[in-house]
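Pasting a structure below so you can have a look.
Chain nomenclature is as follows: A, B, C, D and E, assigned in order of appearance, with residue numbering initiated at 1 for each chain independently.
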Amino acid sequence: MGFVYALSAMGIVLIYRTAGVVNFAQGSLVMLGAYVATSCIETLKLPMIGAIIAAVIIMAGVGAVFQRVAYYPLRYAGIIPVVISTIGVSVFLNNGVYVIWGTYPKFLPPIAGSGTITIFGTSIPLQNIAIALMAVALLFFQAYFFNKTWLGKKMQAVAQHQDTAALMGIKVSRMITFTFMYSTALAAIAGIFAGPIFFVSPGIAQILSKAFAASVVGGFGSVPGAVVGGIFVGLVETFGAYFISSAYRDAWAFGLLILFLLFRPQGIFGEPISEKV
Amino acid sequence: MAPKNAKTFTLIAAGVVLLFLPKFIPSNYQMTVINLGGIYMILAAGLNVILGFTGLMSFTQVAFWGIGSYTAGLLAVEHGFPFLLTVPAAAFLTAAVGFLLGLPSLRKLKKFYLAVTTIGFVHITRLILENWTSLTRGADGLPGIPKPAIGPLRFDTMHEFYYITLISCFLLIWLTAVIKNSRVGRAMQAIREDDLAAEVMGVNVFKYKVLAFTISAFYGGLGGALYAHLVGYISPDIFTFEEAVTVLCMLMIGGSGLIAGPVVGATLLTVIPEWLRFMQEYNAIIYGAAVVVMAVYMPTGLVGLTQPYWRRLAVLFSSAKKNGGTG
Amino acid sequence: GAAQELAPAPKTFDVGFPVEMSGDAAITGDLQRKGTEMALEKINAEGGINGVPMRFIYEDTKGTNPGAISAFNKLLFSHNVIMSFATVRSTMVHALAPIIKENEVPAIFGGSAWSLSELEVPWMFRVRTDDRTVAQIMAKFMVEDLGHKKIAGLHDSDAFGTGGFVETAKALKEMYGIDVLTEQKYSTGTKDYTAQLLAIKNSGATCVFAWGTRLEDDAIILRQKAQLGLEVDFVGSASYSSTPIRDIAGDSVNGIYSAAGFTVANDDPLVQEYVKEFQAKYGELPDENSAWTYSSTLMLADALRKANVIQVVDGKPMMLPTKEAREAIRQALKGVRDFKTPMGSYTCDKWNNMLHEMPIIQIVDRKDKLIKVVSMEPELE
Amino acid sequence: MLLQVNSIDVYYGSVQALKGVSLEVNEGEITSLIGSNGAGKSTLLKTISGLLKPASGSISFMGRRIDGLPPENIVSLGIAHVPEGRMIFPAFSVLDNLRIGAVSRFNSGKPKKEVLKEIEEDIERVFSLFPRLKERKNQLGWSLSGGEQQMLAVGRGLMARPKLLLLDEPSLGLAPYLVKEVFNIIKMINAQGTSIMVVEQNARMALKASHKAYVLETGEIVLSGPSSELLKSDQVRAIYLGAGVEQR
Amino acid sequence: MTHILETKAITKRFGGLVAVDSVDLQVSKGEIRGLIGPNGSGKSTLLNLISGVYPLDGGDIFLNGESVSKLSPHERAEKGIARTFQNNRLFPSLSILDNIMVGMHARTKSELHHTLFRHKMTKLEEESCRKKALDIMKFVGLKRGADYTAGALPHGERRLLEIARGLALEPQIILLDEPATGMNPAEKEWMIELTRNIRNTGITVILIEHNMRVVMEVCDRITVLNFGRKIAEGNPQEIQTNPEVIEAYLGEEEPEDVIAG
């Protein structure tokens, strides 16, 4: 569970790092990713791997459109109008899926099958292990991508200052498109993993607030932070629900988040908050 | 002089129309929508103080709404408090909660960290309302909250309740205008624009952040109390994150930081979905699209459009700069 | 009434229905509308209400109480419906109750919280079995039929789930002196039930009863129960027997029991006929969501005919004035006795509950297997 | 003729910032642009580099029309712009700020390896010009002092190895010895073949360093000519060189 | 003689970097003190320490003999320390008037309850603030309408507005961080005059500036920093001829060019 939050949080962090956008539609994109994957399997009858690749590609396309419609016109407008427009997109998507996919939830088979393995006496679904591996793999990929590749640097430059990035010869609109494509592709991956656990329905979009919580615990803007934060939130809610009271499940996660932030306001990996004067 | 007279005239005309509005609106349904819209307007006005004036992204408005409506509802149902007591009691109690929440979180948390904390507060409040059964009666909700009565005056119908909504909205919106143009309001706006510069100019940033938070809680609590008496039944499942997002959209689409912003935004986002009802299952989709379109074409909010060009530019410029801030 | 002033009847007899069309409960709303629409076809093929076709006007509740209130108000005051349905969500029905009471409109609702009966609004009629009754049936089934003594409860912490749990626990205690071993709650939309299920496992219970609101939640619970290897008898509330749960919960749905409001496995000819028609029309199996609206719409049409709300005078359909019509409908609904539908035969008891038989099923091979049908003994006035 | 600006008009909304401005930059020369605050100097540079679009008129670079092209394409053609206000990437280290200044060079068609090698060499060159930056090379942009940011902005401009370098007030906020140093650098890279157009408040130094100069006032070119002549012109002396200095 | 501002061995570190290294400073009342030094020598950081923006890593700061080291920035402002920033930090979407009136915050008292209950004080305060603000605008030479939005001002006027906002605090001492950068000669001339006028109203000034003409003309005493350390202090003539300063900061040849700028 924690890793699903982590994957969703990674998308949020990514788009914040590279476009300065706090994306309230990320939960809905995860949901859409799951729907698309389901269709690839059910309608197009693709094999699992093919379906995943197709879904990721389709979602990247969705990201390009999303960017064009809801972000690009607002790229100079500051953070809040963009937040509102992503909220609009999420309302649109959460209800729009009914039109295409009907109101029944769908079932997406787990990519790692429904088997379990037993480690130290507890049985763990293979799917959960696959999610964890995926999250860690993506983590390393992103670390490499942002710190070592020119494309990663260019994307970050655009996030920090678009006009100046253009003056460096960076194709700003192309970078923004890449960024959104990448983060919606991440959403698709999160959706593919979340689908079997959550079932494919607009309910998936609700992981948004947990993903936010995860990204903040980890230190907003930090990719490893998103992963660690996701695991943290997942663990806290499971343990809180088990040992204290299951009814307050969400409260444990958020309560501890708040407590945590009071002692470490910048999250785990966040830079201490300060600014140059 | 002429334009000023014209403005006064429009205001008076609008006042007269608002005063006699129930006469023109026979339908109980439309009156209900107007009353609910009024309550949203109060919530959005409260958010305007914390987000619009002080620049702190907060989702707590809906939690305050819940706390206020439960306070008023429980006082009225269990202790038989009259309307004139339940509403202030709810507003002040909620303000106190806001104050207590603000103390720890506003001292340290910045920007998005604060926003997520407030999202957490919304979830926690809802869970408490739902699970603290001995106090709130839990998920069953609280039925039988009486309609308002002030002495011999009774406000049983939607048309009668309208006057309570009208007066509350008027007073509370007017109050935001008074705050905005006062020393305190200037301090808040300075914090929004640049909290460090405000601090070195002698503004006790922390104090005014907490104050703004408390005021917005007061608004939320008051709106909640009115809601409880309007609907007569409250339950925890109303006060969700989605509603918090709705209030945020109302303010932003109306124009944050502007006095008329909540008025326009709440009106619009209450009317549009009702108006879209004929689209049946497509209404929410179109509503979502409408929100995107409004954000894209009116990034400074609808009311913002009436501002002179250069002022709008300056507003955009300032928010863009914040966005660009430190990495 | 001899000297009632009749007015020409409208072209259609409109009944309001505030229903979820958007938001995450849209799925049940959709099924409910399928039920009403199918009933309408039947009713109107038979000449509607004394010659006037019946029609439903739907307004979206958006899944929220304020949304339901404005939807209901719109039906009453913009569409001027004589009467209305009033949703399956108990908290929403609660929110609508003051309006129903104030405006004296007959309203048929599906919300099952017992607290709604305690409001004693004479205009409200419940057409699904109330939680208290279902709870008693469940308790009896678990103890007497399945023979369990170690029982745990799992429920949504919303009004429906909590109410159901409390009533079941009470019934177990009062009827058999059994204490529930552990109470596990969750809020609607939770995705991970490991903690709750583990707690149940560790409590040593041999049987769990579950009150859930949302289909997806139920399905996740069943899947995770299977994954954790929690092998206990599982008795679920009605949503555990809905059609889509079989697709999304897969094989983990097998073996559970459910106190369903309706089952396709019932060999009652009325049920079988309904199942066939529904399948022909929508290409899927019906479940309780559509069955209750279908059944109560038929029941309503019958009551409307009997109430003489619309009468044919000189070959022209004429209608009672609103106030009288509403009173007549109320009386007619109160007088429903033994009206046969796929949900069983409706009889209105003194609490305005339209009692009907209740099947208990087990799911085998993703299909319903009827275990037994429990009949009620309504307390009449 | 390297750059030719042909009677351009530029607006901010409804405010006209440039009115029929024409000027030329010759290959291999330093051209300076002086004028009071708000005259439109920065606007002119921004228009050349494509951040603003002229409402009318044309701009050509090496005989090719560039007005209307997006800034990233103009950079690839060989124009680098060191903008006013430094515009350091705050979350990048000094090194990354310098590297990102060179991204346009990957479009030059040279093999990537070679470009990478050149970039590392150029970073060393910038460090030797501004040793201070070397000391701070892993520090993040936002935390640099004002002057350090200015040095970084100039250094980053050099990293593009442009044919034409547009410098907007490069000496702003620099210590006196560095002001001189910056002008030495300007002369030096010019000597190595880069043409330069520099906007300066420090008119005396700018005129001394440049071959040709233009004076811009309220959006119009009011004076132009060889720098040495302008330096002697009474009009220029009175307004831009500060009369007070002469009396001391 | 008591000093209005005194720092004793104040120190600030950023990670391994000592940005301000044990600096002692004594500023007399009514003085214009210049603060110069190479880029990155810690001048702005010193101002940030005095105004409380950064916490001290060591040492102590006294205002009129009283330690202010533990006070928060707004409390120091109340005590009479005003400042401007090296990069403009105005309140961009507020009007010129409101910007200046925020500066008066510490000198006024109307809280929310006064405003709501229409306390007489509030009205009087607002009136007098408005008048004072207009006076200050005139004093610093801002000629625009008071309702003009600060964010739309050109560079030079922004710098003036920032000074106006600082003066609105009625400070005992004002810290100016490179107020004349990016100004043309005429504006620099006015800056010199304005600085003197400020001093003439009894306010002590600390001025960071790279433009030697401004510094030499206006400062009574000058302090020179290098690598966070104080390397020299004295009157303009002494500083101009101090070999260490020339080496670290002014450079050898053609001083007149630099000075002229």
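Convention: a residue touches a chain if its C-beta (ideal position, glycine included) is under 8 Å from a C-beta of that chain, and two chains touch if they have at least 3 such contacts.
Because the structure is predicted, anything quoted here is derived from the model rather than measured.
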Review point. Expressed in steps between touching chains, what is the minimal separation of chain C and chain D?
Key: 2
Review point. Both chain A and chain C are touched by which chains?
Key: B
Practice item. Determine which of the two chain pairs, B-C or A-D, is joined by the larger number of C-beta pairs in contact. Key: B-C
Revision key, fill the gap. Whole-angstrom distance, CA centroid of chain B to CA centroid of chain D, is 50
Study note, to complete from the structure: dist(centroid_CA(chain A), centroid_CA(chain B)) in Å evaluates to 30
Revision key, fill the gap. For the pair chain C and chain E, the C-alpha centroid-to-centroid distance in angstrom is 74
Review point. Residues of chain E that touch two or more other chains: which are they?
Key: 44, 53, 85-86, 89
Review point. If you look at chain A, which of its residues touch at least two other chains?
Key: 95, 98, 160-161, 245, 247, 250, 275-277
Point to revise | Multi-partner residues of chain D (each touching 2 or more other chains) | key: 90-92, 142-144
Study note, to complete from the structure: Residue positions on chain D within touch of chain A in the complex are 49-51, 70-72, 75-76, 80-81, 83, 87, 89-92, 96, 99-101, 103-104, 106-107, 142-144, 156, 160
Exercise for review: Please name which positions on chain A make contact with chain B in the complex.
Suggested key: 20, 22, 24, 69-70, 73-74, 76-85, 87-96, 98-99, 160-161, 209, 212-213, 215-216, 220-221, 245, 247-248, 250-251, 253-255, 257-258, 261-262, 265-267, 271, 273, 275-277
Study note, to complete from the structure: The chain A residues in contact with chain D across the complex are 150, 153-154, 156-157, 160-161, 163-172, 275-276
Review point. Which residues of chain C touch chain A in their complex?
Key: 22-24, 26-27, 29-30, 157, 184-187, 189-192, 194-196, 198-199, 214-216, 219-220, 227-229, 244, 247-248, 250
Check your understanding: Which residues of chain A touch chain C in the complex?
Key -> 1, 4, 95, 98, 102-107, 114, 116, 123, 125, 197-199, 201-203, 206-207, 234, 237-242, 245-247, 249-250
